[in-house]
């Protein structure tokens, strides 16, 4: 089918940017800021949703924004592949802005305008990364994403936050430079950087160059937090919880993983990737990251840090899936983007709920908390078992596809990694659930109640959504993933 | 400043000649060696000599700072004015011969060149004097 | 009048200089409006000239109706007009900015003189850009340099004086070298017209005299552009000059040196010579690469905001020369594009620094805590300028980085590629430290008179430049439409 | 080889002289601590260049370049003279600016010795 020219994707990205400007201009009026943020999130989601039926019909939506430089256009192109990520981030923005409002009300929020504006810009960039038509556009918004999340990371303004912010920037700006390098080389070698099904590099470079390029791309997408370039992520946990949720579930890390997938599928092309042996390297890195991060997670007592290490492992699932280079593997990887996002954001939201109502951050202090805050911990439990990959939550399906993919690729060690990782996930999540529900509540928790409604509702909503998507995985994500894989495998 | 009759008298005698020579140099800029720059500097040196001999206050009494400013601007206006006049008469900038005077083109050229030289001479003279006065006045003022 | 535009753009500020002197003599307050209107007129004239250049390609003008090899010829092609527009645009903004900012920094009785010298400087740089005669270029170079020395030392306090003196000594030595170079060229060819020289020189490419002349030019111009080991005059001059002059120096005066370098390297000596017969470009690019790294490292070490910006300018000059030095289309485009980009970013940043000094008197980065809240618009301009310097897309800084890096890849110069990319990280280090202080650290509060933004005449130029950082980044095709043919014609098909 | 060198040295002495004078000026600019002496050094440096220009304009046996009707005289090249005249004006202006700067420096710091200035600047910040 002919691609459809439509400015809708562009408007969807423009809305948050405008919202950010409005927020900054009305920085004195807190309620107005919150209203702008919420409205923009709903509007954005609606706009992305408009695209859904078109893409489901098999048509693709494009919009060329601007010819920025010769050979480097700013263009948007929405296909099933990108829509998965776009839908995830825009839908989760609504819940996170609700959550932020609640969270910031509960805490003594300061610099709110900066916070909400940066939040909006980050989401807009994530959306643009999802809908980028070429590597150049992706790179530009990838950089904007880095910059816009920095104020969020250092929001608290403490010395610790500043240090974390510096580390965050050091990692991600360096990564940005590597990504630019890769972009420049792609441009130089292939004479363009449009995402093309089947890749554009084939025939333009020797295997050696391809491998080097792959390495620079991999470093460039350090946002995917693969080991050993992961350490910015746990450090960035000093940020307020809505930000951690955004960083870890929606925008930043997923942008890295998604970018890597885009590059492997649409720049290198699956054939070139397997011919140059790129997949083996990626499988190795991803597997190591999955296993090692799980062990790291076991050792953390701070709940958010444990979640951070869990994220590192889960992100590598995505890398692993695409490294398998089989349809099932890629579909699994694509599915893992939204599914993990919903589950992990639930977990972060609940961690924030606990923080808001009790001020606790460490797991060892959370004895019996489930009895005081049953709804919160219920949501947490749903998210946790989802991440471990148990049915009927959505995490099960993505992992199932990944496992199928590894069998399909004949990579039995990968299957083993996946299985053992699930066991490890259970090992670091179940003690929390056990201690929350079965231990006697500690003295300090006496008289503590559920978290405020505004933070509780988003947590429950995302938990329920993960459950629902586990029950009905087909719509829309599985459908989209299948379409994306079909298009990749030499569809029309 | 210490009175010194010899110096003052000699200066008094010299300065008119210096100025005359300066005028000569300026006016012969178009047809022989010389011109506005050289003449202007010579003219300024007359003032400087005057300052050295009679003291700065005397000079300032006779030639106010604003006069210097006016003269330097006037010189530039003459120069630019003639240039633009040429443009108005359809030639290029400083394309003298285009100015319709009732004399031959070569003479017009020479005449206009003289005017330009006078302008340059005025500006150079004024600027040199003002630099010198600027330096010496402030030093004197504070000491 | 259209045909006389090349000379009018030079004459207008010259007349304006003395008009503002006379105006200031009548009443001190008249000096500024006269100067401002003057530069505005000149800018308009330059825009008209641009239209002509776009139509005709090259506009030539003979002074005093003397024909080229003998008389002085003004030649305006796309490179000239591009540089001219940059210089006038920045001069206009600096002039607007100066209205309030010189109030504190320069004694009131000198204001008239300030605008006179300012306009003389503008006349000088304009002359450099339009002239096609190499000796005329020298004269204009000296006019603008003399004006620059005076402006640097026009502030209160003695540091500016010493800085100005050192600048003068270095500048004069460089002028002497250029003069020597011109002398050698004249001795060899008997002509001073650039186009004529380019025509006459090729058979002489092996001549030792020519090589000597070339070396003199390179050394002299390197001092003027403050290429790394010869940059020593720059930090003091930029730091201790009044803020509006710092902005002017970093944007206008530095660009004129770069322009002169490009002109002499490529329009007088031509690519064949600088690549084939006297392979200096390789050497220049290495120097530029060292300048980029050294400038950035030295900037990191600074605690004084203006001094930090000054060292960063040393690095940025390296960017431009590196682009020029790699001698290929892409890199050349990047280098020339960076002339505009550096002017808007650095102009914006120096104005911001001036605004901070104007409001609070603070020069040290550590003292700028919490400025983000106290001076929101100024700080917003700072953010955009800083991001642009780091090279975050879609600001202008990224665009030049993109071209330079592509050029380096094209030339196969991996070291330069690494330098270009690493330097953006280094500038991230020092600019981020600044942003951190301004935005994310709370000020101790209670600094007298330290709240609110600067007055509008200072704020508007700053914001215009900040907007330019974004707009010329997003609509980079506008400057590119001028530059692309330039790079091609300078390289002359190599 | 060596016998070629002598005529070269002897016939091109104007260049060497220019270079020697230039070096004297440069030496003064670098080695002298007194700012006024630095300016004098600068002037010497510039003068060397002027002399160099004038010497290249010379034509052996040439006369002053004034056109005389019917004469077939050999003229020296006038252009360098004109150029140098301009250069001298530039140099004079430079000197004027430099001297006024020195005067103001003296008023500010009560010294024109560079060493003292550096000490003072170092002391004050």
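General remarks:
Letters A, B, C and D mark the chains as written, and numbering starts fresh at 1 in each.
As a convention for this text, a contact is a pair of C-beta atoms (placed from the backbone, for glycine too) under 8 Å apart; a residue touches a chain by one contact, two chains touch by 3 or more.
Worth saying up front: this structure is predicted, and the values here are computed from it rather than measured.
Across B-C and A-C, the chain pair carrying more C-beta contacts is A-C. Between the CA-based centres of subunit A and subunit D the separation comes to 70 Å, rounded to the whole angstrom. With each centre defined as the average position of its C-alpha atoms, the distance from subunit B to subunit C rounds to 35 Å.
Mean C-alpha position of subunit A lies 78 Å from that of subunit B. Centroid to centroid, with C-alpha atoms defining each point, subunit A and subunit C lie 44 Å apart.
Contacts with at least two other chains are made by no residue of subunit B. Chain pairs that touch one another, listed by label: A-C, B-C, B-D, C-D. Listing the residues of subunit C that touch subunit D in their complex gives 135, 138-139, 142, 146, 149-150, 153, 157-159, 161-162, 164-165, 168-169, 172-173, 175-176, 179-180, 182-183, 186-187, 192. Residue ranges of subunit C in contact with subunit B, taken from their complex: 1, 4, 7-8, 11, 14-15, 17-19, 21-22, 25, 61-65.
Those residues of subunit B that touch subunit D in the complex are listed here as 32-33, 35, 37-38, 41, 124, 128, 131, 134-135, 138-139, 142. Within the complex formed with subunit C, the residues of subunit D that make contact are 26, 29, 35, 38, 42, 45-46, 49, 52-53, 56, 79-80, 83, 86-87, 90, 93-94, 97-98, 101-102, 104-105, 108-109, 117, 121. The touching residues of subunit A, when paired with subunit C in their complex, are 66-70, 72, 74, 114, 139-140, 143-144, 147, 151, 154, 157, 162, 165-166, 169, 173-174, 177, 180-181, 184-185, 187-188.
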